[in-house]
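The same chain A turns up in both complexes below, where it pairs with chain B and then with chain C.
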Partner chain A sequence: MEKFDVIVVGAGPSGNAAAYTLAKAGVNVLQLERGESPGTKNVQGAILYAHALEEIIPDFRDSAPLERHVAEQRMWMMDEASVCTGMTHRDARFSTPPYNRYTIIRARFDRWFSAKVKEAGALVICETTVSELLRDAQGRVVGVRTEREHGDILADCVILADGANALLGSRAGLRREIKAEDMALVAKEVLFLPKETIDARFNISGDEGVVIELAGNVTHGMVGTGFLYTNKDSISIGIGCMLGDMKRQTITPYQLLEGLKRHTAVRPLIEGAEMKEYSAHLIPEGGLKALPQLYGDGWLVVGDSAGFVNGIHREGSNLAMTSGRLAAESLVALKAAGKPFDARHLAEYKRRLDDSVIIADLKKYADVPDFLHNKPHILDVYPRLLGNAAHEMFMVDGQSKRAKQQKIYAELKSRRSLLGLLGDAYHFWRAFR
Partner chain B sequence: MHIAVCIKQVPDSAQIRVHPVTNTIMRQGVPAIVNPFDLFALEEALRIKDRTGARVTVLSMGPPQAEDALKKCISLGADDAILVTDKAFSGADTLATSYVLAAALRTLHEKQPLDLVFTGKQTIDGDTAQVGPGIAIRLGYQLLTYVSRIAKIDVQDSRIVVERRAEGGVQVLESRLPAVITMLEGTNTIRFADMPGMFTAARQQTQHWNREAIGITDLTQVGLKGSPTVVAQVFAPKPKAVRALRIEGETPAAMAEAFVDKLFTDYPQLEEALLEHLDQLAAQEQQS
Partner chain C sequence: MNAATELPTINVEEKLFQNRYRVDAGRPHIAVRNAEACLACDAKPCTVCCPAGCWRVEDGGKIDLVVDGCLECGTCRLVCDHDNVDWNYPRGGFGILFKFG
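Take a look at the complex of A and B:
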């Protein structure tokens, strides 16, 4: 039977980061991926945050397939089909290399990353699904069982980078099953448009790109947001809401997405585009409180499988890559010190996570999921109020500005009591401070 | 016994899109697969290997990334994989492709004599079914196309009996070896690679043969230069949308009546012809 130092299950950002870092350090590593090639099962918006990748492959910009660097960020509050209030942030510093954020197309990016993993010396095998973890009599994880004949493979440590469903950990009883309340479901389309059309519609040129975050009524009052990113010659558009909310409201993801695409503020941007790709995926957005056990005897969990997603800032793939790197670095350090990969020593991984931006940021927003869960009107009432207030102030119709202010205030009060307002503000501050 | 299987890496046609502006095929993000028809050829070769211990070598002409397709064949049980690759070979049509593959097969034959060459019946991206026959003619091998079953192989006597699907029936053909067989689809089911096979494929170094390796010196025969096929124009036919007519009615009989009414209004000649026919029938009945 084949035996490796480490088996990495999954070839997404976390798995690739782990396998790359391990192989670079000379560790005998096998990476298993169920997709036909890395990237075929993966879905992301997608924004690449340069920093996390730079820590792993410093010169990634020379070869990675990047679409556009993000030069402008827009945030839109949407109301009914015709209202949109927002802000734009454009700063020349974001258009000065080295760029901080890029739009990417994961199918291409993941292939590139996987080629790097192979170059580094890892053995990568695709189209192979890991069905369960192999355990010894003491319950230690000692390898994996694949769905292929003669499919058992041994390893001193297994890194679970198996994605949002986290099936392996659940099946092995290493964690509780994932809950709908902790999961967002996102539907996304890639729409083709010629580069010149995109440049003209979004007021950009060269490799500049625009990111639009969309919140408000487009989610039908459910906790969630939409996004629109410009790639070189396509647009990624998507919308996601908490799975628990969708279950209750019985709205399908594609209905949400169709609604978003029909919105007056969005429709002209995607007019005439041809759909190239349709995908949907789960995102673990339970935050700090939903994190599972992160390590044990002979195993570590990284990326989406561990729930490392910052839903507020839309960060996931960077946290995935960082956690993959930290897992690998922990193993490399233990191996160098001649320490076994048991739970006591793998606690090193948790220590490194605690010192990293991953846990720091998840801690900061630990209360946000509960806050949004308990106050769903936040995403419905306030965008509407904002939209109406903007309409009132921009409409020149002979009424005095003071009268307009009073009207806005009256509407505010009719929607939320003064106490309700204060309560919202307090909880908002508590959750986001 | 030595069997060569010629395969091609093709874009998964189920996922191909046409560029709305340039009308060219957009291969970005479209997964590359082994031409599905070639898998029937490979499986048949592997079954002969299982029975007789034959050696199976997989061959492909293509760019360096076609190595993935060859590795897939190794994982399924092929012994060797050769990628015939050279910048001069790009842009080849079926004539130039069969020229290069025949040269590669000749080189392979010198290393270990060939008994059989398998190809799929055609590729899903070219759909011509010309490369297999082209190879056979150039090598002077027997040509057996659209084979549905290998009934018998006699290596000692260098003879093979195959069933070939032809219009209106099945031909049973006996031929001498070496022969080129183009395998029909649906004739077998490709096996699922086991884990040791996956490891072998992941570790195997595919051999790369360039034009020197297969002794090609005449560059007018290969690649774009060796290809008389010219793509004059590429266009996506505009889909014609005709609104379907809805025929309403309370009962099936009423609907049928409304339908016939509509039909006769739109095509009066139809009604005329029918009435004429009915008159004739009535006249015949009277006579008899």
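Take a look at the complex of A and C:
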């Protein structure tokens, strides 16, 4: 039976970061991917945060397939169909190289990243689904079983980069099963338009791009958000809600997405576009409290499979890449010191995670998932109140501004009691501080 | 509610038609473990939450599962309260092949 130092399962951002870092350090690494080619099973909005990738491939900008750099960020509070109140942040510093964030198309980006992994010296085998982990009599992970004939492969360590469903770890009993309440389901489309049309509609030029984050009643009372990102000659649009909410109602994901596309603030932006792909994906949004065991005898878990997502800041792929890098660097350091890849020594990975931005940010927002779960009206009542208040103040109709202010206050009180308001503000502060 | 908002009825097949698949004919990667349990399930959240409309209710409450359009998200497995979904990834190279992702 063949044996490697490390097997990486999955060729998404975390698996690629891990395999690349290991191969660069001269570790004998095998990476297995179930897709026809890397990227064909992967879905993301997608925003690439340069910083995490720079730490792995400093000159990535010279060759990576990037769509547009993010020049402008909009945050919109929406109702179901026709009201949108928002904020725009445009700052020329974001249009000064080196750029901080880019829109990307994952299938293209992942193929590029995988080519880098191969260049670095890793053996990458696609069209191979790993069905389970191999364990020895002591329960140590010693390799993987693939569905191919004679498909068992051994390794000193297996890195689980198998994505949000985390099947391998759950099936091996290395972690508890993921729960609907901790996962968001996102439905997405890629809509094509000529570059000039996108430039004109979004007030951008060259390789400037706009990202719009959408919150409020577009999710019909469910905890969730939407997004709209400009690529070179296409627009990525999607909407996601917590599965725990979604399973208790009757709107389908594609109805939600269609409702968003028909919203009066969105429709003119995508008018006449050609839809070329419809996708869906789960995102682990349970945060710090939902993190599984992250290492054990002969194994480490990284990326979505580990639940490294900061839902509030829409960060995931950067945390995936950073966790993949930290996992690889831990193994490289242990190997150099002649240490075995057992649980005691692999705790090094957890130490590096604890010192990183991943755990720091997840800690900061540890209470947010519970907060939103317990107070779903936050995403319903307040965007609506904000929209109505803006409408009242912008509508010039002969009423005094004081009368309008009183009307707004009356509506506020009718929707939330003073105590309710104070409670919301307090819990919001507690969860986000 | 400000405005009674009617969400459109969507034929999800028209969306899926844009996607690229390599169907593993005769080897569906998802299966119902026990059809009786689905008959007894009132909520049937799989039929609402599946983003590809793979899960449909037939007359009499029976579940009809066709996985050809599956997006491999894993939702059906998680929303089932009866642990009645036998869910696997397709064999290597089969299933959805995202062009953009």
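Simple rule for what comes next: the second predicted complex is superposed on the first by the 432 of 433 C-alpha atoms of A that agree within 3 Å, B and C clash if a C-alpha of one lies under 4 Å from a C-alpha of the other, contacts with A are read in each partner's own complex, and residues count from 1 in each chain.
What we mean here is this: a contact is a pair of C-beta atoms (placed from the backbone, for glycine too) under 8 Å apart; a residue touches a chain by one contact, two chains touch by 3 or more.
Since the structure is predicted, the reported quantities are computational estimates derived from the model, not experimental observations.
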item	value
First (chain B), second (chain C), both or neither touched by A:E277	both
Which of chain B and chain C A:T40 touches, first, second, both or neither	both
Chain A residues touched by each partner, larger count belonging to chain B or chain C	C
Which of chain B and chain C A:H150 touches, first, second, both or neither	first
Touched partner set for A:K179, first chain B, second chain C, both or neither	second
Touching partner for A:L386 - first (chain B), second (chain C), both, neither	neither
Overlapping contact positions on chain A, where the chain C interface meets the chain B interface	36, 40, 105, 107-108, 127-128, 146, 148, 276-277
Of all residues in chain C, those that touch chain A in their complex	2-3, 5, 7-10, 12, 15-16, 18-19, 22, 43, 45, 48-53, 71-75, 77-79, 88-93, 95-101
Interface residues, chain A side, partner chain B - complex	2, 36-37, 40, 105, 107-108, 123-125, 127-128, 146, 148-153, 192, 194, 274, 276-277
Residues of chain A that touch chain C when the two form their complex	34-36, 39-44, 46, 79-83, 105-108, 110, 126-129, 131, 146-148, 164-165, 167, 178-180, 183, 185, 187, 189-190, 220, 234, 236, 243, 246-256, 258-259, 262, 275-282, 384, 388
In the complex, chain B residues that touch chain A	17, 20-21, 26, 28-29, 31, 33, 68, 192-196, 198-199, 202-203
